[in-house]
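Consider the two complexes below, in which chain A is the common component and chain B and chain C are the respective partners.
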Partner chain A sequence: MTLPIFAQMAVSGAFMGLVYALIAYGFQLTYATSKSINFGQGELVMVSAFFSLTLLNLGVPYWAMIPCGLVFGAAMGLVIERTAVRLALEQKSEGWILLSIIGGLFLFSTAENIWGRDDHPFPTPMSTDPIHVLGVDVTRNEIAVAVGVFAIMGLIELFKRRTLLGKAFEAVSADRDAAELMGISATRTVMLSYGLSGAVAAVAGILVSPITTVGPTMASALILKAFSVAVVAGLDSGFGVVVIGMMLGILESLSSFQLGSGWREAPGLVLLILALALRPTGVFGKTAIRKV
Partner chain B sequence: MLAVEGINAGYGTSEVLSGVSLIVKSGTVVALIGANGAGKTTTMRAISGSLRPSKGKVILDGREIQGLIASRIAHLGLAHSPEGRKVFGPLSVEDNLLLGAYTHLPRFFGFLAKAQPDLDRVYTLFPRLKERARQLAGTLSGGEQQMLAIGRALMARPKVILLDEPSMGLAPVIVQEVFHTIRRLKAEGITLLLVEQFAKSALEVADYAYVMERGRIAVEGTPEALSRNERVLAAYLG
Partner chain C sequence: MKRILFSTLLMGAVVLQADGTVKIALTGPFTGGSAPMGASMRDGATLAIAEINATGGIQVGNQKMKIQTIERDDEAKNERGALIAQELAAMGDLSGVIGTVNTGVCLSGDKHFQAKGITKIICPAAGSASMTQWSKAGVKDVSIFRFAAHDGIQSAMVIEAAINRNFTKVAVVFDSTNYGVSGRDDMLDQIRKQGNKLQVVAQEKFNIGDKDMTAQLLRAKSAGAQAILIWGIGPELAAVANGMAKLGMNAPLIGGWTLSMSNFIDNAGKNGNGTLMPQTFIEEPFTAKAKSFIEGYHKTFKVERIPSPVSAAQGYDAVYLFAAAVRQAQSTDTHKIKEALENLKEPVKGVIATWVHPFSSWDPADEQTHEAFRREQTVMGMVKDGRVIFANAADKDRLIKAALGATAKAPTKAPAKSKKS
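On to the complex of A and B.
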């Protein structure tokens, strides 16, 4: 195999890896404030993509669809928090695991009933001609993925560092009880994190749909990869998920190219096993993920 | 200003406090002393809402606050500097202080300007914190963390401060510094409920004191009266 093709595969893989990273980042947001994650996050990605596609089909312009999709995702995140997470956390139980899985299944069947089982193409306003950079073809969709992922993660990180509400978010992550004593409502902060996490899922859905098409099962593979990335990188390093996500994307793209598409999932699993065996706190992480 | 009337509180099924009552008048320093495990921390937690009292009343500035959640009580003007300091380790010293003033600062922008007078006041009191404003709170020494914990409570401009064992784990010189600060704050007229292991030093700054034993108030009185009380003398001031 020639080097250019190799490079080409690596680059496309890296862009896909950014999507994994973004979904993993959504896990980190809620884990930080509540030590819980939404196991139905993949379905959130999927319904947000369907919702956005529906808006486009109804004639909503592309630029207006994006904020609507984000708000929808945030609202869905809040619904998951209210129905699946809050009660379990108040009772200090691990019930949120099962409840958020059930929430995901519910969204899945709802999506099948509303939109059917077929995959639908997701239109994009950009031309499909690739751009040549250093002998590698990059599609405009891939560039949009990179811009979108870094924009939303950058905005959220800015929010956390530069606003008082963001600092309060960090305070609840560091010490929930002490934060309460400062007048910071931990409950509201957890809601905020679920809202942000839902918005992040929606962005992931909108960004990845033009590449993968939209269908009820579109996110099932994505979410597994995102989960591997979160476990390998640790649940508290935004930088870590980007690095590990891109690495995983590159590895799986290369292995499916070299060894056949059946090997696509292999690197993720190997990484996951290695990570759990060698560094249960994640390569970049400080807190161990609780076994679930 | 703060009145606790016959509260019971505990953890799970075990009641720790039974019928604790105390009063902290506006502008006074009140000490709460007692042996390890007597229930001093539990009393403070029950006042600030970290723990829900199962019986009795807590009245802050004429308003019943028992049963409210801690963040709500903080908004009503109570600052609780908990046992073990509990500064936000991954955040900078200045961010910790800003969060202390969370109840009266804008949430998004302009909070720094608005907090400046309070920051300056805390920095005057603790110049060390100003030098270390950008340092992560988790990397401060124990004494510095205690200053930060006190400063953070002051940032709220609270009506009442609860201070749980500010001298815990500190070297004697630093303990002197902490008590010096408390005296300064007292001169400025703050209202303070102080829990202390160093009963003697606590009684020196206090206007009034309560002694706890096994979840109850065993003795109370002015520091002069308590230091003449044989039982208190033998147990805590010996």
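On to the complex of A and C.
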């Protein structure tokens, strides 16, 4: 493999990896506060993308559509929290696993019934012509993915560190019971985390749709990889998902070039197994000491 | 929604008089990535059926029989196709089946029709294997016909187009389905038959649902491919066209007729311009018949563009051929209809051509006996700004003549095979 080809494959893979990272970040947000994960996160990405596409088709300008899409995603996140997660958490059961999967299936069927099973193109105001940077071709959509991923993750991290509500978020993540004793409502904080996670899903949907097209099954391949990224990086690793996500993306595209496209998924799975065997809490995860 | 309502109304109207009807099943993928083909085929067929029923039906004996349809969505899935075929084959009073878009579905389902001797017209699945499976097995009598330009014709045209443009190095790209793999085999076979003028510098595969084709395309690009010869279905073809634009590849995309599907054209946008593919029908009012067909379709199904014009036109003509066979057989018995189809006495005026003796008695050594299309009914189409147009003006004139019946002759014993080389 010559250097320019290597660079091209690595760059293309890295951009895709950033999308995995963003979805993985959505897993992290809810895991931090409630130790629960929305297994319907992929469907959240998909319905948000469909909703945004519908807005575009209704004539809403692209830049006005983005906040609407975000609000929709956040609202859907809150719906999942209320219907699938809260009751199970109150009863200290693991029912949220099944309930969030059911929530996802429900969203999937709803999307199929409203928008049909076909893939739809997602128009953006950006030109689709490639830009050449140091012998590597990138599209504006890919750059938008990178900018969007870092922007939303940066904003949320700033929010967590700089605002009172964000500090409450961190407090509940660190120790739920202690935070409640300090007068922080854990329930409200979990709601907040699901809302943020939904908004992150919407951003992922809006960013990835121009590349993958919008269809009911658009997220099914993404979500598995995002989950691997979240687990390999560690479910409380913060920006660690970005590193692992990009690594997985690069590994995938290099192996599909070198070994053939049939082997595309293999390295990610090997990585997952290795990570679980060597570092069960994730590469960037914190080993928590549990006092019983 | 309106479309579903329309067809239910239409069916409802016929169900009212279940006695003395001709029962035809329409099958295909009406949802999913292959839906533009399946739904257009169904709608084209429905249009023809509505026209026939509006005249009172098909004259059989001293009564006029209306056509009643049964629709089944196989979702382009082989296993669903097999189940549907079993279900339909078990119906005692079915006169015939028109449909199937996906070669894999033909391979998994058609054996059930063949076992019961039920007449089926495959439309518009093009993969060679759907007919050669019978000739290869040496089956004595076959009740399966095909009404689509099969991949043998199409691959010959694709290779011809590449050679005519003076390309010497090409990449062969295909999807991992039965259709894609058999398309690759046909293309490689044609390259040999046409004198090995093309060097295949890369053979690349992709899966249904793949969105990122960078790896495959970079391999083709770095091997120096001057053209991409491709066999696949709409959404993935679009991913390839978009990937090529991203990598700044100017090599033209030439491939199977599926490059005319609306989900290729829409998802590829301007990156699809210049793509070449064999077509049996172009959505242009080049004859009065074509004009009324296109307008009828647009009006009935409330669209400005037929999702897959080829499928719609083939579905339409297939129904007229079937109706002609029922009239000739003077029976709704599927076995008698099969015999009539093999020896149609009267020419059938369709929207693609005037069909003169399109099929003949099954010859186990030559599956062309049950293939309706020859090279002369097929033209090269080209994507331009969201539509498929004639790639060569001469083709248009030829189709006009064929539709008027001027050059239509009886293509009984396949000249197509020799013509390919």
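Throughout what follows, the second predicted complex is superposed on the first by the 285 of 292 C-alpha atoms of A that agree within 3 Å, B and C clash if a C-alpha of one lies under 4 Å from a C-alpha of the other, contacts with A are read in each partner's own complex, and residues count from 1 in each chain.
Heads up, the rule we're going with is that contacts are C-beta pairs under 8 Å (C-beta built on N, C-alpha and C of every residue); 3 or more make two chains touch, one makes a residue touch a chain.
This one's a predicted model, so the numbers in the text were calculated from it and none came from an experiment.
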Task = Using the touch definition from the top, say if A:Ile5 reaches chain B (first), chain C (second), both or neither.
result = second
Inquiry  = Taking the superposition on A as described, I'd like to know which of chain B and chain C A:Gly262 touches: first, second, both or neither.
reply    = second
Inquiry  = Under the stated touch criterion, name the partner, chain B or chain C, that contacts more residues in chain A.
reply    = C
Message = Which partner chains sit in contact with A:Thr163 here, chain B, chain C, both or neither? Use first/second/both/neither.
response = first
Inquiry  = For A:Gly59, using the defined touch cut-off, is the partner it touches chain B, chain C, both, or neither? Pick first, second, both or neither.
reply    = neither
Message = For A:Ala186, using the defined touch cut-off, is the partner it touches chain B, chain C, both, or neither? Pick first, second, both or neither.
response = first
Task = Scan A:Thr139 for contacts with chain B and chain C and give back first, second, both or neither.
result = second
Note = So, in the complex, the side of chain A touching chain C is made of residues 2, 5, 8-9, 12, 16, 116-121, 128-130, 132, 137-139, 211-213, 215, 217, 221, 253, 256-257, 260-262, 264
Message = Going by the contact rule set out above, which residues of chain C touch chain A in the complex?
response = 31-33, 35, 176, 204-207, 209-212, 214-216, 218-219, 222, 235, 238, 242, 245-248, 263, 266-267, 269-271
Ask   = What does chain B use to touch chain A in their complex?
value = 48-50, 69-71, 74-75, 79-80, 82, 86-91, 95, 98-100, 102-103, 105-109, 111, 152, 156
Task = Could you pull out which chain A residues touch chain B in their complex?
result = 163-165, 167-168, 170-171, 173-175, 177-186
